[in-house]
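Next, two complexes with chain A in common: one pairs it with chain B, the other with chain C.
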Partner chain A sequence: MATELGPTPVKKPASGGPEVHHAPKGVGEDNKLMSQGRWASWLLAPTIIALGVVIVYPIISAIVMSFQKDAGLDPVTGLFTAGGPAGIQNYVNWIGQQCAAPGGGTIACPPGTLGGQFWSATTTTFIFTIITVTFETILGFWMAMIMARTFKGRSLIRAAVLVPWAIPTAVTAQLWLFIFDFEGIANKLFNASILWTGSEWPAKWAVIIADTWKTTPFMALLILAGLQMIPAEVYEAAKVDGATAWQRFRLITLPLVKPALMVAILFRTLDALRMFDLPYILTQGANNTTTLSILVINQIRQGFNAAAALSTITFIIIFLVAFIFVRFLGANVVEQSGATGKGKK
Partner chain B sequence: MSTSTAATDLRARQDKGRKTAQNREKWAQGRTYISAAVILIWCLAPAYWMVVTAFREVGFTYDTSILPTHVTLDNFATAFDTSFGNRFGQALLNSIFIGVVVTAVSLLIGVFAAYALARLNFRFKFLVLGFILGASMFPGVALITPLFQLFTNIGWMGTYQALIIPSISFVLPLTVYTLTSFFREMPWELEESARVDGCTQGQAFRKVIMPLAAPAIFTTAILAFISSWNEFLIASQLSSDATQPVTVAIASFAGAQPNQIPYTAIMAAGTIVTIPLVILVLVFQRKIVAGLTAGAVK
Partner chain C sequence: MKTRKFLLPAATAGILALTLSACGGGGGGTTGGGGTDAEANLDGRGPITYVQGKDNSNVVRPLVEKWNAAHPNEKVTFKEQTDQADQQHDDLVQHYQAKDANYDVASVDVVWTAEFAAKGWLQPLKDKMAVDTTGMLKPTVDAGSYKGTLYAAPVSSDGGILYYRKDLVPTAPKTWAEMMDMCSIAKANNIGCYSGQFKQYEGLTVNASEAINSFGGSVLDKDGKPSLNTADAKAGLENLIKAYKDGNIPQEAITYQEEESRRAFQSGNLLFLRNWPYVYNLATTEGSSVVKDKLGMTALPGKDGPGASSLGGHSAAVSVYSKNKATALDFVKFLVDAEQQKFFATQGSLAPVLGDLYEDKELVAKLPYLPVLKTSIENAVPRPVTPFYPAVTQAIQENSYAALKGEKSAEQALSDMQKSIESAGAGS
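Up next, the complex of A and B:
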């Protein structure tokens, strides 16, 4: 053994023990890191390749497609348009809400066509996102605070919050469609006669309420996990020092739970920005409940390339929001999700 | 004398203080129970309404009594009835098949990546972790357009593989980061101890690591299966009548009259789809919550 000159001659100390080797410091470590790196790349390869095939490849081809013209009959004008490179025309059309004109060139899209819905869909998407995430954060925080307390039946509550989460969104949508039916329980309960899915704001509220019901539990559980990381002694100490409940909440709970809270808000925001199932089934996108995702889906059968441009825009919007969160609001997802392998061991 | 009165005075004051503190405690406890009841009702009432309606006769669809009335099992038969073009039974099988394949493939691939991310030190670890987390947050619509065109061109529209392959894009990242955080928590020192105690590497893996990792893998499998089971966007565009999963079947459920939504049958179908998941989730509640929050809080 001792005479053999392996690639790692000094690998004596087990992890954690004091390093006693006298070889030029770093050489052994480097080799170890390199062999671990080789191991890691073999282990990671299948995942990276699979994600490359199912995510990276479609993204690249979507971007390539988005710079192509859609061939075929124009649904608005009934004229045949040839395919071929389009430059950034698809993007310009969406953002400027322009459609192909009968005599060539573009005109403002007539109302009712998909091309004329870009900004309303964007607005709707952001309205849904801001309102639902706000509700879910406040409600979720409140639920988490309750669930963090010790009382009889606590595990019952913790089990109950998982029920809305476990119900598939498609089922949730049908369930709330039934609840919000004109003759449904919501109207009867509040003695109202609202056509929930019939006009703009009731329809929006129907989607918002259903989404809040479905996803608040997820938020509450993430925040609860954050709350449970706070040691009880901190609260005890603050109590001894005479801090009021509100001070304890503002000066201890909020700052200490902030990392987990930011990640929860980030996850939910990105999820809400791609909202599809609920409005698609609940309102079919009618009455200004068409989100960007629904608009992409409606566009697919009218022209792949324009749809690809729109989906790329959607992707960029979501990416920008994520970037803002991570960069400016300090939602450190990667660190939070625990890549702390450096110091440990 | 004065000292003794002072002492009783003090004791009386202490007693009073204890009482108000007890009262306050009681009051706080009471408020907790009220809040807990509100949460319970908010979470369960809509789900309860689905189940109650599922057992109600069609003629009493809009009955508003809280307790079950006009109880019948007809709706469950209607849910499986194929005469109006619904294929709920087939869809159930499709969802199970797709879910099992997607979960198995994701676990099989993801377990190695999770091991590397949890146990090994290497360059670009943060980058890889960031990429996988980013992938799990990826909007489905950004994938659907090129896949729609690709699958149309190669004649895969409506096939099972057209539903399975895109599902991997969101189930695999979920699998990897859930497993990674589970693996990070595992007492890997035990493997070394087993080796010291005379186990071979294979024995140490089989007798120590496997039993420890099994619950983590099982929980991850449940989470992966649920997320595949709930998928709607991709399936709604790429499936056919023969391959559609339950989410699509329920969303487009047709009744005898074209203008009337068959709510009771839909609620019955929804109940069938939901109950197994809810039972699974309630039984493995602790593990599921740990897995669900693993990605966000270490």
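Up next, the complex of A and C:
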């Protein structure tokens, strides 16, 4: 993963553009280019169709569904009947937290409905994202700095650090559930009697701690890849000029690792925004730990079309966050990274 | 050479296009009805598939082998799902939605029956497809029915049992008030008094409904409309709230699912425990259990007598899309037959649905909780039978959890439940 995502200059794939291997030979050049172009598009066709099937089609289908009403119950037969077109009602309902009223029309969602949880779920999702990504960045940076040094047993440390990341999240969540049990080790260790999954902030912290434990290694590895791009001569030169360790960190390490760091933060942020399994297993969304993804899954069981609207909203939120990162904070994922360029400056 | 160059991409594209159209058929709109599907293939015979969650105690395989030996031309293939109820539910929904003819017979949890029936996916078990339900415990039949029609034949049942410490409690409590009075014994011994499952999840719906039903309330009325704004429902829910506030239910109980509460009882920290029959085997055999010889069992306590347990269990349903419904029906009848029921009980510790088996000496010797369980199931109320079950359980969980923690009054919680369930039923 790390090498793929790192700031190494990535060659743009030759999308459609024919690659010319031989020097053009005057006559028949146009013909050759044309046949190569056709050949290339044939080669690309399977990929494009595969992407269409697994990405474009489901997205379009979900968006179409989100403009449909959910099936309603026919009071006479007791059978569900298709809901028909809904316009933007599903979206309006989520954002305004409106639920269907018994006599028709809508009312403010009473507590105990999924519709009433939209804004609290959004807030919770962002709280989790901001806190976990902050912790993971700081801890990940620290771990990366340690791993970047040369010392005996370095590869062992690097492998050991990866263990939490390698464990499936569902298993991690179950482990932490035991740890945060009332009779569990967390309470025994601190001689406390906290109901970790029984009230709002302990529950939130339980999720945050477990998530930080699990994904800091990912962060550390991405940052480590960035750190290793920095040439050793730069540090040597700085040392010769008499820079202190703090100055070397602030003026050399930070700016040079920034592109890699921003990519790492972007990836973790997008990942954290769709956090699902950890809170779902730890708290089942109780005590205000319902994230947007949990809300979507719960809604799927109550009606596909409203769930499609909610996942579209979630998609837009995540897209906006990614956009802000790329546009304003300089996280550069796709294009050639500035790391090496700046390094040579 | 030339043609081959073109063939490969074309073939790939073709296959993918096929896949695409196949997906397109399944997704999207939900349609009710299925009237014509329900009348087709009633006489069809041939190989069928039986779908059920993970066969942990190896009950289904021997039964399927037994069936196959007797019916070489109508063989049953067993399709095993995961052991997670949610995943089983979603798997069934996907296949029914795609009108999969290969999901002939499926094991359906009691709480899904109404939803699947209302979607038009289950074959009504009447007329030609009727299954004889005489001898079955009535609540199990009710749980397999929707709008007065049987859609799923009860195969196994489950009910709550009150476990207690025989060494500390002289006579088992019959009513909730009696049990609360005995909490002084727990205090004297410095242990918790009573617990069920009070974490915010499906188990809380079970426990809260039991509290409400035991005091004469009900979540839904006969027509499936919510009926929670009653004094009985309030009295029932208030019992739980008061017990939690007084410490008769220990504070950590709001983090308990089945297993946590079992461990607390088994390690000697609880006087009374409401749980399912599976606890009996573990509490009497596990090495860490300190209650091995002190385990008492009785029916759940109610207002004046036995309380109303929530009903668990599974039923067998025939898909309307099945091509071989005659075989499917025979297989369902085979599953509910006394001989197989007995095998379910002895091999899998699954509670039978036939009342007579609870008095079967051989079975009772093996599963001593059966007489208590019979009382429990006879008095049981199926969890709300409604096609909107996911929304109903969400409403009950969230509001009763808030009420338990003292964030809202019982009255407020019930009225919020009422409104939420009304809204779910109002459609969109």
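In this text, the second predicted complex is superposed on the first by the 281 of 345 C-alpha atoms of A that agree within 3 Å, B and C clash if a C-alpha of one lies under 4 Å from a C-alpha of the other, contacts with A are read in each partner's own complex, and residues count from 1 in each chain.
Here is the rule we use: a residue touches a chain if its C-beta (ideal position, glycine included) is under 8 Å from a C-beta of that chain, and two chains touch if they have at least 3 such contacts.
Note that the structure is predicted; figures quoted are calculated from it, not measured.
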Practice task
Return fit or clash for chain B versus chain C, each positioned on chain A through the superposition.
Solution key: clash
Exercise for the section: Tell me which partner A:A192 touches in the superposition: chain B (first), chain C (second), both or neither. Expected result: neither
Practice task
Would you sort A:V234 into first (chain B), second (chain C), both or neither based on which partner it touches?
Solution key: neither
Handout entry: First, second, both or neither for A:L114, with chain B first and chain C second
Key = second
Exercise for the section: For A:R158, decide between first (touching chain B), second (touching chain C), both and neither. Expected result: first
Exercise for the section: Could you tell me if A:A50 is touching chain B, chain C, both of them or neither one (first, second, both, neither)? Expected result: both
Exercise for the section: Applying the touch criterion given at the start, work out whether A:L320 contacts chain B, chain C, both or neither, answering first, second, both or neither. Expected result: neither
Practice task
Report for A:M65: first if it touches chain B alone, second if chain C alone, otherwise both or neither.
Solution key: both
Practice task
Counting touched residues of chain A, say whether chain B or chain C comes out ahead.
Solution key: B
Exercise for the section: For A:M143, decide between first (touching chain B), second (touching chain C), both and neither. Expected result: first
Practice task
Could you say whether A:Q89 touches chain B, chain C, both of them, or neither, answering first, second, both or neither?
Solution key: second
Problem - Shared chain A surface residues [contacts with chain B and with chain C] - result: 39, 42-43, 46, 50, 53, 57, 61, 65, 181, 183, 300, 304
Problem - In the complex, chain C residues that touch chain A - result: 5-6, 9, 12-13, 16-17, 19-20, 23-24, 27-34, 89-90, 117-120, 146-147, 199-201, 251-252, 254-255, 260, 263-264, 387-388, 390-391, 394-399, 401-402, 405, 416-417, 419-420, 422-428
Exercise for the section: Spell out the part of chain B that touches chain A in their complex, as residue ranges. Expected result: 29, 32-33, 35-36, 39-40, 42-44, 46-47, 49-50, 53, 62, 64, 109-110, 112-113, 115-118, 120-123, 125-126, 128-135, 137-150, 165-166, 168-169, 172-173, 176-177, 180-181, 184, 192, 226, 229-230, 232-233, 236-237, 246-248, 250-251, 253, 261, 263, 266-267, 270, 273-274, 277-278, 280-282, 285, 288-289, 292-298
Exercise for the section: Would you mind writing out the residues of chain A in touch with chain C in their complex? Expected result: 39, 42-43, 45-46, 49-50, 52-53, 57, 61, 64-65, 68-74, 77-83, 86, 89-90, 93, 99-104, 107, 109-115, 181-183, 193, 195-199, 283-287, 298, 300-306
Handout entry: Residue numbers on chain A that touch chain B, as the complex places them
Key = 14, 33, 36-37, 39-44, 46-48, 50-51, 53-55, 57-59, 61-62, 65, 142-143, 146-147, 149, 151, 153-171, 173-179, 181, 183-185, 188-189, 213, 217-218, 221-222, 224-226, 229, 259-260, 263-264, 267, 270-271, 273-274, 276-277, 280-281, 292-293, 296-297, 300, 304, 307-308, 311-312, 314-315, 318, 322, 333-334, 336-342
